[in-house]
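Each of the two complexes below includes chain A, the first together with chain B, the second together with chain C.
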Partner chain A sequence: MLQVHDLHVSYGKARAVLGVSLHVDKGEIVALIGANGAGKSSTMRAVYGITKPTQGRVTFEGQDITGLPAHRIVPLGVAQVPEGRMIFEDLTIEENLLLGGLARRGSRDEQPMRRVLKLFPVLQPRTSEPASNLSGGQQQMLAIARGLMSEPKFLMLDEPSLGLSPLAAQEVFDLIVTLRADGVTILLVEQNVRQALAIADRGYVIESGRVILEGTSEQLLNNELLISAYLGVKRQ
Partner chain B sequence: MDDHLIQVLSNIGMITFIALSAYVLLLTGEISFGQQAFFAISAYASGIATAMWGWSFWLGLLWGAGVAGFAAFLLAWPTLRMRGLYFAIGTLAFAEMVRLIFEVFHYQIEIDGEMVGPNGSEGFRGIRYIFENNISEFQYMMIIYALLASVLVFLFAIERTRVGAIFRMLGEDELLAEMQGVNRTYYKVMATVIAGLIAGIGGALFAHMNTYVEPKIFNVMLGVHSLAYGLIGGLGTALGPLIGVSLDIGLLESTRMFTGYRMVVFGGLVAILLIFRPRGLLDEEAVHAIRSAWRRKTPSTRQQSEIDAPD
Partner chain C sequence: MVDFVQNTLDGFFIGSSYALLAIGFTLIFGVMRRLNLSYGPSIMLGVFAGTMIYIQLEAGLVFVACATVLGAVLAGIYVERICFWAVGRGAVLASMVSSFAIWMQLEELVTIFFPERTYAFPPLGDFSLEFGPFFIRGAHLVMFLCAAVLTVLLHLLLYKTRFGLALRAVSENPLAAKFMGINTGLVVFSAFALASAIGGVAGFLIASADQQITPLFGLWATFKGLIAMTLGGMGSIPGAIAGGLLLGIIEAQSTWYLGAEYRDLVAYFVLFAFLVFRPGGLFGQRLATQNRLSMQRV
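Our next item is the complex of A and B:
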């Protein structure tokens, strides 16, 4: 579904991504893991057209989307939930959701809103409240819900568990599994390696702008290097 | 109606156009100190059309607003990459540039043995269409308010469509808006042009009511005020700027009470509002509260369907 070939991203002289290649097949959950500053988010942003890659190729369902601006990529059925629960705080929950669907559908069709709210029972009774009233976990839910409003086939989640309590993080991960069951393909950027790999089919480990390891979640979870670098102690 | 009242109301109406122009850009998150430039461009362009080329008032007004809109379109490109303070400085520089160009702009022709047309810093006299065609001050005031009502209706309509939502989205967070699939360039240019057109309508009305314009009328203070009106009145609806203008011109400038102290009182008012209602009298929250109170009174079918609909 998504193919990334030899992607390079630079911010001026600082080179963030140095030739990342990866692919996500239909129906998969793929995790992109690595430490801070490894180039995970830059890779996502380049795929999504927020940052222009300096080199490389990105194709989505066979179509070349390298360097296309986001507003041309969203209509193809791709949505991104940005890092850090970015929501429109001054707007109501309902407005936030509508805005997620607006850019693509151009109408205030109620269908997606109802379907999305069913997935997020916590948001349902509070739709007319300002989004800033929500707790951190709920804001993250709202950000994901907004991403779903454009009815994407492919969803990119950038650190959805960042800053959440373990309980809220677990809820988010459970939700991701539900979404996949609904037919959404997911690319997940995470620092929470264990939980990310627990739900992902495959994973890529990125370090200093390069993919240093790839494989199925099981292979990665048993990989000595990954265990020592990211998991610390191996669990029995 | 007595003449003084008509004059005050006409002034409020005309200045509201430039306040609305700044308001449109405030919605998209940009602070412009330069909307007076479009007011000025249209004042000159429409004045030239009616006084020198013999066009009718309406044609002159369309032309003036059109030229202002086109100037806004041109300005939109270099300022597109500017944000926040840089946008404010960029628009300010543009407006001052326009003003200084009018200071040295000479274009006069002889009509009935008299030289008519812009004469640099001497100004542009003889925009007399309204008086030559026996339009009374009261009638002219009605024209101003009819146009103002049209612009307000237009802005309300925009707010109800996706364009309005996208403007506010861009105003809150441009990057996030782009991530939702918004074509930023397109909507930013659109907002700038709409703002230019609205200021242009006001400028043409101003020139024809005053019969005389000169560059120094369109100085920075006009731009600063037009911004302040939106901030005082509130950014929740397009009525905010009208409230701001009415407060300043209606209450402060036109009543004898505050003669000489207007700017002091105005400054104090702005300071007090910034403390107690940082987003203006009719801010988004107030508008929201009013709307939902209204909806509770008359429950709309739409809300009902959201609650009751079985899935």
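Our next item is the complex of A and C:
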């Protein structure tokens, strides 16, 4: 479904991504893991057209989307839930959701709103409230709900469990599994390695802008390097 | 007391045109967080387009109004392409300085093609109303009604349409709007054109109330709009309305009680007092903190 080949991203002189290649097949959950500043978010943003890659090729369903702006990528059936949620706090919950569906073709129909609210019953009675009323976990739910408003086939989630309580994080991971069951393909960036690999089919470990390790979740969870570098820290 | 009420009325009506200028300013500031000093001069260009077809073709009021608005929009688009699109998004200072340069350029352009100091502009609403001791100029009444209708239309546009929703999203967080798949460049461009059109209407109303224009109109409109926006709170539309009306009333009162030569001095004094004691303006306190946050985010 998604093919990324030899992707490079630079911000001025700072080189954030140095030749990442990865692929996501239809129906998969794929996790990108790695430390802070490894280049995970930069990869996600370059794929989604928020930043322009300096080199490399991105194709979605066989179509070359390298360097296309996000407003040309969203109508293809791709959505990304950004790191840090980026909820519009001045707007109502309903307006936030509507914005998620704005770029979709023929977005006048109310079907997606009904479907999304059914998936997030906690938002249902509060749609006319300002989004700033929501707690952190609820805001993350809203961010994901908003991402689903464009009815994407392919959803990218950037650190969805960041800053959440363990309970709220678990809810988010459960939700991702539900979404996959509904036919959404998922690319997930996470620092929460154990939980991410628990739900993912495959994973890529990124360090200093390069993929240093890839494999099925099972392979990664048993990999010496990964255990010592990431899981070891988590264990204490 | 009668004088005070009369002044307040006068100031209120004139202030409605300041409110329009401030709304245009604040729309641009809201979506870009950058100051467009060329806002007044681009309106001035529109006003001169209006006066040109009035003098050359003896066109009717409706055509003059259309020419004014169209001229202001085209000039506004020119400013946007040069100062805010060509100059990169992060370059706040470069945008402001280049908008100042374009201001000078537009003013020069007009003085070359219109070498005389003042030009006639067709009058609007040549009548007046009296209520007991109070007196309202017809031109001022029309000015106020147009401003009120335009403000209501703008409100509907912002709160009832998809474009309005996108514009509010871009104002709050342009990066998040990009993630939604909104073409933020197009939204900014449209907001700029919209602000210029509102400015064009304001320019038409003011010029026809004065029945004459000069190339200094640009300077004047930028100052009035900027002061009114700052009094109300940058980026806030209710603030722009309140700031415009407040500025109109302050000016009318100081003209009456202190003399016309003190009018601008008092306005600048109030502006200064606001900047020191209430920098967020009447409606912008929360927005001011938010701006700080959004700067940090960038």
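We take it that the second predicted complex is superposed on the first by the 228 of 236 C-alpha atoms of A that agree within 3 Å, B and C clash if a C-alpha of one lies under 4 Å from a C-alpha of the other, contacts with A are read in each partner's own complex, and residues count from 1 in each chain.
The working rule: a residue touches a chain if its C-beta (ideal position, glycine included) is under 8 Å from a C-beta of that chain, and two chains touch if they have at least 3 such contacts.
Because the structure is predicted, anything quoted here is derived from the model rather than measured.
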*In the superposed model on chain A, is it clash or fit for chain B and chain C?*
clash
*Just chain B (first), just chain C (second), both, or neither: which does A:Arg114 touch?*
first
*With the two structures laid over each other on chain A, which partner does A:Leu225 touch: chain B (first), chain C (second), both, or neither?*
neither
*Based on the superposed arrangement, let me know which partner A:Ser150 touches: chain B (first), chain C (second), both, or neither?*
both
*Regarding the shared-chain residue A:Ala198, is it in contact with chain B (first), chain C (second), both, or neither?*
neither
*Per-residue touch tally on chain A - higher for chain B or for chain C*: B
*First (chain B), second (chain C), both or neither: which does A:Thr92 touch?*
first
*Under the contact definition given at the top, report the residues of chain A touching chain B in one complex and chain C in the other.*
48, 50, 69-71, 73-75, 80, 82, 86-91, 95, 98-100, 102-104, 146, 150
_Contact footprint of chain A on chain B as seen in their complex_ = 162, 165-166, 168-169, 172-173, 175-176, 178-184, 284-285, 288, 292, 305-306, 309, 311
_In the complex with chain B, residue positions of chain A that touch it_ = 48, 50, 69-71, 73-75, 80, 82, 86-92, 95, 98-100, 102-104, 106, 108, 110, 113-114, 118, 127-128, 130, 146, 150
*Touching residues on chain C, where the partner in the complex is chain A*: 162, 165-166, 168-169, 172-173, 175-183
*Flag every residue of chain A that touches chain C in the complex, lowest number first.*
48, 50, 69-71, 73-75, 79-82, 86-91, 95, 98-100, 102-104, 107, 146, 150
